Amino acid sequence: MSIKPLADRVVVKAAAAEATTKSGIIIPDTAKEKPQRGEVVAVGEGRTADSGTLIQPQVKVGDQVLYGKWSGTEITIDGDDYLIMQEKDILAVL
Amino acid sequence: MSIKPLADRVVVKAAAAEATTKSGIIIPDTAKEKPQRGEVVAVGEGRTADSGTLIQPQVKVGDQVLYGKWSGTEITIDGDDYLIMQEKDILAVL
Amino acid sequence: MSIKPLADRVVVKAAAAEATTKSGIIIPDTAKEKPQRGEVVAVGEGRTADSGTLIQPQVKVGDQVLYGKWSGTEITIDGDDYLIMQEKDILAVL
Amino acid sequence: MSIKPLADRVVVKAAAAEATTKSGIIIPDTAKEKPQRGEVVAVGEGRTADSGTLIQPQVKVGDQVLYGKWSGTEITIDGDDYLIMQEKDILAVL
Amino acid sequence: MSIKPLADRVVVKAAAAEATTKSGIIIPDTAKEKPQRGEVVAVGEGRTADSGTLIQPQVKVGDQVLYGKWSGTEITIDGDDYLIMQEKDILAVL
Amino acid sequence: MSIKPLADRVVVKAAAAEATTKSGIIIPDTAKEKPQRGEVVAVGEGRTADSGTLIQPQVKVGDQVLYGKWSGTEITIDGDDYLIMQEKDILAVL
Amino acid sequence: MSIKPLADRVVVKAAAAEATTKSGIIIPDTAKEKPQRGEVVAVGEGRTADSGTLIQPQVKVGDQVLYGKWSGTEITIDGDDYLIMQEKDILAVL
């Protein structure tokens, strides 16, 4: 995929609504505020902190991740929907 | 447990509502704003500060902790409920 | 183009409303909140952080970029409309 | 006491409502906004600043302290009530 | 001109309402929110950042600049009106 | 006096309502928003900045100071009223 | 004058309402929001930044300055009115 997120942004492919992960995590889409699950498809080069230090992202392409319900902005690439969000919206790697 | 919280996040297994800890701390679930008790089941690698320094977490897996009543976000793993929160929501280790 | 954006600002030429990029990204202008696409036509020399470090821009002239729907301020140069925005409003390079 | 406050938090045992300290400080409980008095019973290891420096607490176990009227969160240990607060809520050592 | 702006401030002489710049930039005064054009007539020595570093201004006397519509404060010098603003209100040098 | 203010706090003994200082400064108590005058009776060891540096207080015990009308919190020591405030609430030393 | 402003504060003697400066700057008192003119009569030793660096003031006693209309707090010294303000409220030296 040719998209390169800027700074500490990440592109995520949202998982199907009701899915159980390999490691058994159930993410009922309907549940109120419950975090959502998806796969990382593109990662930025990281954020330059005020000290001038480049802070590397902790996630990588292919990671299954949990992110806050309303995180990110929708974009469509080749007819597929993705979310582009900041890494700080990602809660955990599964 | 295969979940890896990101940055300074921690996964906590909430204790049963009315429990007295080994060290005698009573956490009545009903009490208004009273902190809640639980056990740490997963810890992130820490937060990268603006200076570029990685700030290590002060809690570790297995710690019994006190956290603010409304802290964290609910997730379900293998049918069990957990909370994923930032370390700064944790008040103390018991 | 003789315009030199200041600090971390970027001048972007907005793409036509309904366009499919070489890499297949469809940006329907009508869609609510959907990010917009455009081409970078001028880039500032970067922002001086509080540490005194000059933080270089990550985008360059000619990049096709995705930016937030309401980003930037309109200006007109030689009868053409452009947007001048901060680099942090740019989500990704396509 | 086995409780270990996290970061820059402190556990305080609130003094009885109307008490005159050894050094003659009267803290009438009823007075509006008047600071409260209590004894420090546990101290965290300190807060890690953004620079990565660990900022040591200035109070220690046994200190008689003055703190803002609404500071801290209530917890109960072995049937006794305590307050867990951040060190910045403590005004002075008596 | 004997006025010396303090820190990162700049004094700008606003251009006449409807003007086309040498480089063809049209700034219709009436247009809503459109940036305004003017000439820099005095520049401060720069802002001292929290690190103690002096952050030099990027504009200089004589620059034609674009600035946000409502930027700055009006002052009158020898019967002429000027605007005194912070450098961060300046969008670009033309 | 045995009280030790924490961090950058200062204990001030408020001057009588209508007083003219040695150096002739009149502080009419009734005047709206006018700063108040008092004497410093205790000073903390200073605030530890985010860089880990201890920032020493600029005032010392015995200084006559001007402070903002609503600054500080009231405490009573040996029947006398004092104010405990942060050094940044102090405008000047007289 | 015996008053010593604290940190980055400055004491200013406000100029008479309608005055034209040597360098021809007219400051009509009545004009809305127009900056005011005055003379610096006392300057603090500067502000200690978070890095521990002392940031020296850019103005000195005797400077004619322009400051924001509502800046500072009124004090009276030997029957004369002055304003005590932070240096960042001062726009320029005339």
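Order of writing sets the labels: A, B, C, D, E, F and G. Residues in every chain begin at 1.
Rule of thumb we're sticking to: a contact is a pair of C-beta atoms (placed from the backbone, for glycine too) under 8 Å apart; a residue touches a chain by one contact, two chains touch by 3 or more.
Labels paired with UniProt names: A, B, C, D, E, F, G = Co-chaperonin GroES.
Computed from a predicted structure; not experimentally measured.
J.: How many links in the shortest chain of touching chains run from subunit A (Co-chaperonin GroES) to subunit C (Co-chaperonin GroES)?
T.: So the least number of steps between the two chains is 1.
J.: Cα centroid separation between subunit B (Co-chaperonin GroES) and subunit G (Co-chaperonin GroES), in whole Å?
T.: 51
J.: Express in whole angstrom the distance between the two chain centres, defined as the mean CA positions of subunit B (Co-chaperonin GroES) and subunit C (Co-chaperonin GroES).
T.: Here subunit B (Co-chaperonin GroES) and subunit C (Co-chaperonin GroES) have centroids separated by 41 Å.
J.: On a C-alpha centroid basis, what's the spacing between subunit C (Co-chaperonin GroES) and subunit E (Co-chaperonin GroES), in Å?
T.: 23
J.: Going through subunit D (Co-chaperonin GroES) residue by residue, note those that touch at least 2 other chains and give them in order.
T.: 49-51
J.: Report the order of chains around the ring; begin at subunit B (Co-chaperonin GroES) and proceed in the direction of subunit D (Co-chaperonin GroES).
T.: Start: subunit B (Co-chaperonin GroES); next: subunit D (Co-chaperonin GroES); complete ring order: B, D, F, G, E, C, A.
J.: With touch defined as at the start, can you tell me which subunit B (Co-chaperonin GroES) residues reach subunit D (Co-chaperonin GroES) in the complex?
T.: Residues 23-28, 31, 33-35, 49-51, 53, 55, 58-59, 65-66, 68, 87-88, 90-94.
J.: Going by the contact rule set out above, which residues of subunit C (Co-chaperonin GroES) touch subunit E (Co-chaperonin GroES) in the complex?
T.: It comes out as residues 1-7, 9, 11, 42, 44-45, 48-52, 73-79, 84.
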